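The following pair of complexes shares a single chain, chain A, combined with chain B in the former and chain C in the latter.
After this line comes the complex of A and B, so read on.
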């Protein structure tokens, strides 16, 4: 269980990463918490790894009135430990604390997790609920996308050739908004079998629920009454048609728990 | 008292196979079968691979691994070191690749081309027994390694039994998962003409025998060293084809060779255990007293008979131990070892007992529900009472001593049964259902010649030997053929030496794990070490004590009968004394001070030991659990867990507690998490620890342990084997607790691990078949 030989390059300039990604069989690596096992199992056989974990542009953060821009190479542990300003009234550190194990959180990055797009990843569901965005940078410049649109399927994103996730935009949450999050797991650190996330900002007129870990892109319902439960089954049926009855019920129950357990921030 | 071995473990100074580096050492990686069943039609070495890629045809003089049992009807399988014509398991070895590092060796394995003719696979033990199933070994004509029968007069009981309960149970295939996997470093010593093998094993002497047979070497040409071993649990009590192959490569290429098993190899190709299926019919009277048991058990033994315990390791024992700690009138059982296209079934802590306890204890709970009585009450009525001890049970197992009913009563008290029953009367605020369950079992351990002779596997334990030697500076060396890999035997055997010779345990060194330094032994398995090696060390120390007394008495100018040995000194009646240092120095370095007729055997003795009876000690334990079941998510939380156990006289209660805690953690794994599923093509589906769920610290409750200490009448200090019990009781106790919680829904789970899907399906099944009342209850929670 050792990887095939690959070239390793420490990247110190964002533009070079984009250029090198464009041609050839190169992959980005930051925390290597998903890519590492895939390399070792030889499921991934890139010719080169471009290490962006220490790229200054990806390691920083910037706070503004409407939210926080988090560099893609910021680790889950840094978020958990409150090393960044928290614009989410505790939501981000709380969700970070539930990701896998501390050893994984020490190395795994928020951008890497989104770019890997495992349906069971916490940031995919959580940020879809909060209305987070990714900032993508490519050879032709940058663009922004909602996380819920960025993840288009299991391990599948809207990234184009030569493009990478540079940052994540987390909106500032208003006092009085509500958030709930529940994962169906049997044990600490296990990948979730179902994720429910709910976010309500009555002042801003947002009500959004997410069913995650369905095996595909997160199932998002939005608008007044999204929490009420009508339409959940239909949305699940439409977006994740392959689920059996037990799984379907598990997803609905998980979201129901997220709503029940949601708290005012 | 601290464990002697912990200083090096805690400070990272242990030395495991993976820590060994020899000059010029090469790494080995294997090409493994991608399919469960196929004919290997051709295999092509890559260009230039002549000296680095080896296939079956290269293995001149190497014999397949054979573990034959003398049980009637046993069919022989040969486990090839490298597959020659047929592949029977995903992960079976097809070629060995040698390179300076593991990655390069894996590259070589990737570059080998081969042609396969795929055959339909036998993926399940029940499928294996159906007519027309594909054959794992064509020459057999069926897929049965062996069947064991116990016959009894069920018919006479059947007619008067008021209650009849029928159930089907299953325990899933598991991969036992020591922290350290297997690993081997082999080097041919040209000076000694000897193969030196470092391997992660529990039984270095048996590996030596197995290697010499497969490689055609004399015993004296093989030296096996088991250095520090990071957990065994039975997985390191077998000879692997990888070990044979790496040794052959070291001889062939004249360079040190190393193979370290990775987690994927361990999970998907090697470590397999526990897969049982039972059909049980039990008969009881109207009060639920068990009268008779009629069972058909099948064990999925995999494709080959593993060395040395054989393919009937589990099934043959199932038939004889299913009756558990109970006394009842009639018993009948058929136990089948079925061959499938899966890795061989291997011993795992609790061997056979975990499945047996699960089947028996769930059956008793089913009877209790049928008659509407407390499950522990119906057990108390048929447990063997202390007044009957020693007791020969219905399958002639000789229970040596103990108070089984008291053990259960204590567990019931400690778990707070009345409080739980009261709590169950009102609904929980979070909608979960509370349940309480018990299990009780006895565990034959340290059983010897008379038991294993009938089984007739390649290894029958006899006398266990120990060497005790006083060194010139008055310290004690103990040499034993067993191996310690977590059991704390470097401490407990030293305690035995201290008990008899009064030498501080800091000055006692226990030497184990090297066939060149220790007496032959079948090794560490069957919870036998404290009884057998402990007994041998005690006997050796007693004989050494006699020799020391003679020399000490001479130095003191008194008769040997007039001295005692206390605090590492030989003491005369008038209080004068000489130290053991002085005794040692005199024998080794100043023999002129001794009389001519001194015993020339000196201060070193080798003694063999057997217990007064070798039918085994019977430790026993009652486990009790309180669980909360979430009927919507299908999850189970263990709220409280109690173990009351009797391991006879405890040499070191702290170490026994550690054994119980560790075993319970593994038992919780069996109950709730661990499963190696296979698809219909025989592909293992949990080849990483992300898929194969092991319980972690947050899944293990704070276990309360109570000890009872009923001495065994047959052992040196009254001690009993206690190493495995922790892993036996949990699946039964937890499943009984879950089923107690599900009682209002009329649902029942009869398979472990109790995953959310299994639990939800059981509720679903109850909903579909329930009468209106419980259907309403089911609706209420769904």
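After this line comes the complex of A and C, so read on.
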């Protein structure tokens, strides 16, 4: 189908994007690979699209001792191709490679994917497990949030009016830490029905598992023994109530496989 | 209309386009390059894959206006491309096409795969993963995989130009790390359980109200408009004496907004203090359809309190259903029921229902009923 009519504007200044987002029914786009289908199917009918994909301040990175800041408009393909300093010992490129298809990865961006907040998006689960953060910039300044707090529900984030995701902060992973990722998709490249992610850094005292694509925000379990599986069912029941028996078992099995397949980095 | 300047198949082109025109339509309708095929038009099938600045993109998910200053190559522009010549020959040799509808997209994707994996040994399994974004519905993939492997395994025939590299720059972002880290406010989920119910979904929820059951039942029973006004996004256009209703349900889920208009029926059972609303409707914008029912029961919970049980069963078809996979809708309904509880409680206390906007974390459209209510008979 063809989308409803909308206005389209290339944004050349970050502050202007924030200002324009404050009023009216405009939506930010970078690659528009998730919003595009909704527009074409006329499920989303915004008055205007504000294209921030060319903003230079969103198209780069900054490396520091404790991690990496990734500009929001960096594409999945660029991460897959290793154009960022590898602070995650290969985790980011590996997860990027599994997102949709190459033609989609060439346009879809890490910031866009988080702001769209599809519960089945890979970065939502992966970065929740790694302890990633988003940098939010608005008209009144900025703030940071952990990805697991930022996504509050299906297509629903903590973004305020006039605020956008400017960058994503990825922590530097220590040698010897462990990461596992598994997703249950009906077909390669389709949005997942369940995602399991696990991250363990014994030296830093971090043990975290994530059940993603539950339909709401990611279910995160943290602390020693999180990988053991004893608290998974209870966490799913508390944080994602209402899953039917089939979904519940799919999520538990998917996380079990993520743990089983996890590797030392 | 926006003025668009870009290069199409090596030729500078300038055109006035509507912002909503996607690149595939621009190529086909404005440039008359009909080699770009449209299958699904929402990014699933890959038939419309073209090159933008040397990289494959979905032209149905790429608006033409976003290609300002870009270089676009459709299948026609690759006629004399040495690698494409080899791929075409190989597709013929291996019977990698039958009806040919997916072929332009397949070839563009295949060319990218060969460029990115030139000189490497690529397993058939990995090649199929790389090809998974392009659907073929007749030949099957065996011939296509063989054809691409044939080209990949003879890299000496012609040097293969590598895929275009993009550049990312190191930026000064120190100030970001000094921003305050804000903790999220985790709202506790309401008690609700859902299950698959045939083709549809069934969601059950229960909550207590600090009001006697008779008062709650009277409020629900005697003032349908008031009850409906407690549900965010629900608008009743008419109600007849026999319980036929006509209304609209506005639902918002992030960027998705649907306006489901339809008809239904309300039945009350005074003896059991329970009611049931059944209805079916359509979202005109997306052509999606919904049908379902809400059953509610009020019971005495002692000490002047009451408990209310709600069972919602619904079925979605069309575009809306595609985005309602698994339990996405569950999250929305959970919030709707929670707001219904808060609003109903306020109404029973004789307060003006709080504005939907302040209460509503999902930006559901809140529409006032006061000015819109008309009686069923009033229409005739």
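Convention: the second predicted complex is superposed on the first by the 265 of 265 C-alpha atoms of A that agree within 3 Å, B and C clash if a C-alpha of one lies under 4 Å from a C-alpha of the other, contacts with A are read in each partner's own complex, and residues count from 1 in each chain.
Convention: a residue touches a chain if its C-beta (ideal position, glycine included) is under 8 Å from a C-beta of that chain, and two chains touch if they have at least 3 such contacts.
Since this is a predicted model, take the numbers as computed values, not measurements.
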**OP:** Please work out whether A:8 is in contact with chain B alone, chain C alone, both, or neither, and reply first, second, both or neither.
**Re:** second
Subject >> Partner chain(s) touched by A:125 [first = chain B, second = chain C, both, neither] >> reply: neither
Original post:
So, A:193: does it touch chain B (first), chain C (second), both, or neither?
Top reply: both
Original post:
What is the contact status of A:184 with respect to chain B (first) and chain C (second): first, second, both, or neither?
Top reply: first
**OP:** Counting touched residues of chain A, say whether chain B or chain C comes out ahead.
**Re:** C
Original post:
Once the shared chain is lined up, is A:41 touching chain B (first), chain C (second), both, or neither of them?
Top reply: both
**OP:** Considering only touches as defined above, state whether A:109 meets chain B (first), chain C (second), both or neither.
**Re:** neither
Original post:
Touch check for A:246: first (chain B), second (chain C), both, or neither?
Top reply: both
Original post:
Common interface residues of chain A with chain B and chain C?
Top reply: 1-5, 37, 41-42, 187-189, 191, 193, 246
Subject >> Touching residues on chain A, where the partner in the complex is chain B >> reply: 1-5, 37, 41-42, 184, 186-191, 193, 246, 249-250, 253-254, 257
**OP:** Enumerate the contact residues on chain C facing chain A in the complex.
**Re:** 2, 18-20, 22, 25, 41-44, 46, 49, 52, 55-58, 60-63, 65-66, 68, 109, 112, 128-130, 132-134, 165-174, 176-177, 179-184, 186-187, 189, 191-196, 203, 253-258, 285-288, 319-320, 322-323, 325-332, 334-335, 361-362
Subject >> In the complex, chain B residues that touch chain A >> reply: 101-103, 106-107, 110, 262-265, 632-635, 672-673, 688, 690, 693, 695-696, 698-699, 755-757, 760-761, 764
Subject >> In the complex, chain A residues that touch chain C >> reply: 1-8, 10, 27, 32-33, 35-46, 49, 51, 53, 56-57, 59-64, 69, 71, 74-75, 77-78, 81, 83-84, 100-104, 106-107, 116-117, 119-120, 133, 135, 141-146, 148-150, 152-156, 158, 166-167, 169, 187-189, 191, 193, 213-216, 238-247
